[in-house]
Amino acid sequence: MAGSRFEYVRNFELPDPLLPETFMLCRLDGHSFHRFSDEHAFVKPNDERALKLMDHAAQDLMSEFKDIVLAFGESDEFSFLLRKSTSLYNRRHTKIVTTVTSLFTSCYVFHWPKYFPDTPLKYPPSFDGRIVLYPGDKHIRDYFAWRQADTHINNLYNTTFWALVQQGGESTTQAHATLRGTNSSAKHEIMHSRFQMNYNDISARFRKGTVIVREEIPPSTDEHPAKEADFAPDPPAVPSKKSAKSKEKIKIKTRVELLHCDIIGDEFWEQPERLYLLRD
Amino acid sequence: MAGSRFEYVRNFELPDPLLPETFMLCRLDGHSFHRFSDEHAFVKPNDERALKLMDHAAQDLMSEFKDIVLAFGESDEFSFLLRKSTSLYNRRHTKIVTTVTSLFTSCYVFHWPKYFPDTPLKYPPSFDGRIVLYPGDKHIRDYFAWRQADTHINNLYNTTFWALVQQGGESTTQAHATLRGTNSSAKHEIMHSRFQMNYNDISARFRKGTVIVREEIPPSTDEHPAKEADFAPDPPAVPSKKSAKSKEKIKIKTRVELLHCDIIGDEFWEQPERLYLLRD
Amino acid sequence: MAGSRFEYVRNFELPDPLLPETFMLCRLDGHSFHRFSDEHAFVKPNDERALKLMDHAAQDLMSEFKDIVLAFGESDEFSFLLRKSTSLYNRRHTKIVTTVTSLFTSCYVFHWPKYFPDTPLKYPPSFDGRIVLYPGDKHIRDYFAWRQADTHINNLYNTTFWALVQQGGESTTQAHATLRGTNSSAKHEIMHSRFQMNYNDISARFRKGTVIVREEIPPSTDEHPAKEADFAPDPPAVPSKKSAKSKEKIKIKTRVELLHCDIIGDEFWEQPERLYLLRD
Amino acid sequence: MAGSRFEYVRNFELPDPLLPETFMLCRLDGHSFHRFSDEHAFVKPNDERALKLMDHAAQDLMSEFKDIVLAFGESDEFSFLLRKSTSLYNRRHTKIVTTVTSLFTSCYVFHWPKYFPDTPLKYPPSFDGRIVLYPGDKHIRDYFAWRQADTHINNLYNTTFWALVQQGGESTTQAHATLRGTNSSAKHEIMHSRFQMNYNDISARFRKGTVIVREEIPPSTDEHPAKEADFAPDPPAVPSKKSAKSKEKIKIKTRVELLHCDIIGDEFWEQPERLYLLRD
């Protein structure tokens, strides 16, 4: 049956394709996670369980969407880079951003009991999402540098702050006052002199955030099939009005790897297996 | 600390406000729910548990977002009408559609065990979302009529189809062949003559879908406070460059109600408490 | 010949349809007309030749685009209302706004010598254009009221200002100082007491701006064909994915009329022939 | 006076900034120029006067908008490349595209009598405009190659076609039939054998279209000021939420040059003065 006389309302649905051959950066942020982390008694300044749960959801996303080649997470946010040639959902903006946000949210709730076995969810958490387009490689490097610099700034502050509160016996108001106007080395000094803490001994996960990279696996000669979850073919390349069906598709195998390394300097980006990230 | 030299990447985030004083219709659809319903052994042609779970998630959304004044659900989709004057998130398109989609997804996973106590989730389900703008009352009525006509068409087909398979012993291929080209009354006749089924005896939930309305509660004189979840003040009205702070806000109390009634004819819309739906 | 291997660059052209069944308001503004009016010695405070030239260009536009049903002009700007059902260029935003702006500009330069026979154009004038969507009748009425209120405010100020300068011998600096903080009746009083001017005696064109309406001509029985320029069939109605070809088109004849009347009050809008303006 | 109670209608004007640091390609096309060229008796297959008029309008545009670094014209169309860092009108889409289209149209009408002294304009010509964004250098090279390949294909066809008609005495119907299915060398052969024409002897303006480049002028030591029209400072660079006012602006002088050369091959692009085109 073809439909009803009401079907004309579909004409109000307008197309929203994103510019071709441009990087898509999709960032998800927890909605009211200040309250959410309080209600679920997250450890301060960093709750490793909560961070690992975020990482797990992010990895699930990268298993589902092979065009995500790089991700970075900190606190209650995660950023995903889609390769610039992706034709995911024909580059329809709303379709992509809602599907990615929904699946991430679903994974977060789904895996919650694994990371918080003794803390039942009190209410459903949610995230918002956005996609920002970037035309050049430089913008992508600077985007990830921006997020990791933010991680550093926030974590240094929070670590010192909670040391003052938890070990120094200051009230939160006092601790904020103590830190007002302090620069980076003053915070290091407070931690060192008052609490014998060396900031660099803190877990790299907390200091650097989580980096998840997709890497190409060079074709091997022995032809043993790779594991489904880690090794997956890449999606079709450049979008085109003429279908790319006739184009011979070379299935490149990839794997994802979770790191807590510096991504501001050149070293990360110049490794041969990273060149894949900013290519087509 | 003000930020880093990388912060310029924020300039690539572009504004996306939706046209003011225009109805927003937000529709969510299950992603690959054909497979999902198979994997979780949904009852055919309608699984009441699954539909009630959808309804529960939709009601949670309406508790969270007071500007949703009407919702309609069927199968794995739900549509939400936001009043035309809503200033939710300053009418930012992506912020609204991702937040709504995320929260619905989260509620779905969160409440799953209540409706499927013996069927653990095998993997995280997801939804996509979209927002369509409609300028006129007529478009809104026709939109909801479109969805309910779709419910009727699909449910009549599916009910007859599964009767042929489950009670008539036909294969699914045979059943599709039996129904090819049949009109509405032929399907009624098949059900009636072969299986002694009267289509109109089937649950209204299956035949009509789920309608959730928000209604104004006339201000009472006794001033007993309403329950938090059901009675909530409306959000600020018309968006404006000049803040509406000075405007005297009249807090209108509302409640939501779940129905399985006809929304194609005039009767539903002409009841006094429904006039609220299409007003500002 | 089909094209070249470079043709893929067309894929970067993105669709930009405007929301269906919503009023389009297209406003054109002179670019740097302060300088332009000085260079071409426009009479202050109002140059009737320049205003008539604007009106002429606007009428040409309404002859070309039958879906423009109302226009309002003042100073170096003109606003055009397209009926909400217009399917002009399939409602493609950029196509409509650039074509309208271009044709208006062209008419302005083309007709210049008729209105300024002794003042050759020194350089090419230009305009910018924009389209704003409005969902409701009320918004359209308020839009035109906004522009005519602006005409009144500006013209009252300018008329008093130039009386002070041209007849009162004040410098422009003095005249601005004289008017600082004066309200409407103070300006009337200055004109009356110092220069024996009655503001209401000034040309309605200056006080009210120019209103151009399209009106339906009731079908006559004598069937004499109307003049091409003034009487033209309306374009196809509601846009639809399914082509409207099969729909029987009723050719409504219309004419345009130029007025300098009030459009803020109800009277203008309530005349039977004006009901056409806000209908489909 | 601050405005009226109707001013809220401005809230319906939505922002439309274009993605930063991305090339803007603005293409203008004549509206119904088939008819326009007939009515004004353009010479077939190419009217040099009409082409020079287009070139003149394009050069005026490049004098006005210093961020246009390259232009290409053929027939009744012209394409303009804006440098990717342009902050013209804060990159507002509609403002840029309407202003450019309007000024070009105005120049075309304004200069008409210089190129057609004996052919008065019968009616006002118009153009439509569009802006397409391109993220990479390669897309820009391919865009211009696409237009010049189009010039070649069309001109070869038209030249042979009109030779058959004007010199060969064929009707236009016959000439189309003669050319149906012919490839490039067949057309060369027809011209050569039947009309002793060598296609390559035809004016480069017709075969290659018009290329207008902006080039940097190296700072000289003698400091003699350049002519206003040809040598102009560049506009401010990268857009930024923080104003770039404090940034020291180096005023680079540029000149524009009109060419009829190949722009498909590498040679054009690899000349040192051309590197400017695709830089910031």
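In order of appearance the chains are A, B, C and D, and numbering begins at 1 in each one.
By definition in this document, a contact is a pair of C-beta atoms (placed from the backbone, for glycine too) under 8 Å apart; a residue touches a chain by one contact, two chains touch by 3 or more.
Just so we're on the same page, UniProt names per chain: A, B, C, D = tRNA(His) guanylyltransferase.
Remember, predicted model here, so these are calculated numbers, not experimental data.
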Of all other chains, the one whose Cα centre sits farthest from chain B: D
Between copies chain A and chain C, are the contact residues mostly the same numbers or mostly different, with half as the line? same
Name the chain pair with more contacting C-beta pairs, choosing from B-D and A-D. B-D
Interchain centroid distance [CA atoms averaged], chain A/chain D, Å: 43
Cα centroid separation between chain B and chain D, in whole Å? 51
Could you pull out the residues of chain C that touch at least 2 other chains? 8, 10, 12, 19, 21, 133, 139
In the complex, the residues of chain B that touch chain D are 8, 10-12, 14-15, 17, 19-21, 238-241
Touching residues (chain side chain D, partner chain A) in the complex: 19, 21-22, 84, 133, 135-136, 139
Contacting residues of chain C [partner chain D, same complex]: 1, 3-4, 6-10, 12-13, 31, 60, 93-95, 97-99, 101-110, 121, 123-134, 139, 142-143, 145-146, 149-150, 153, 157
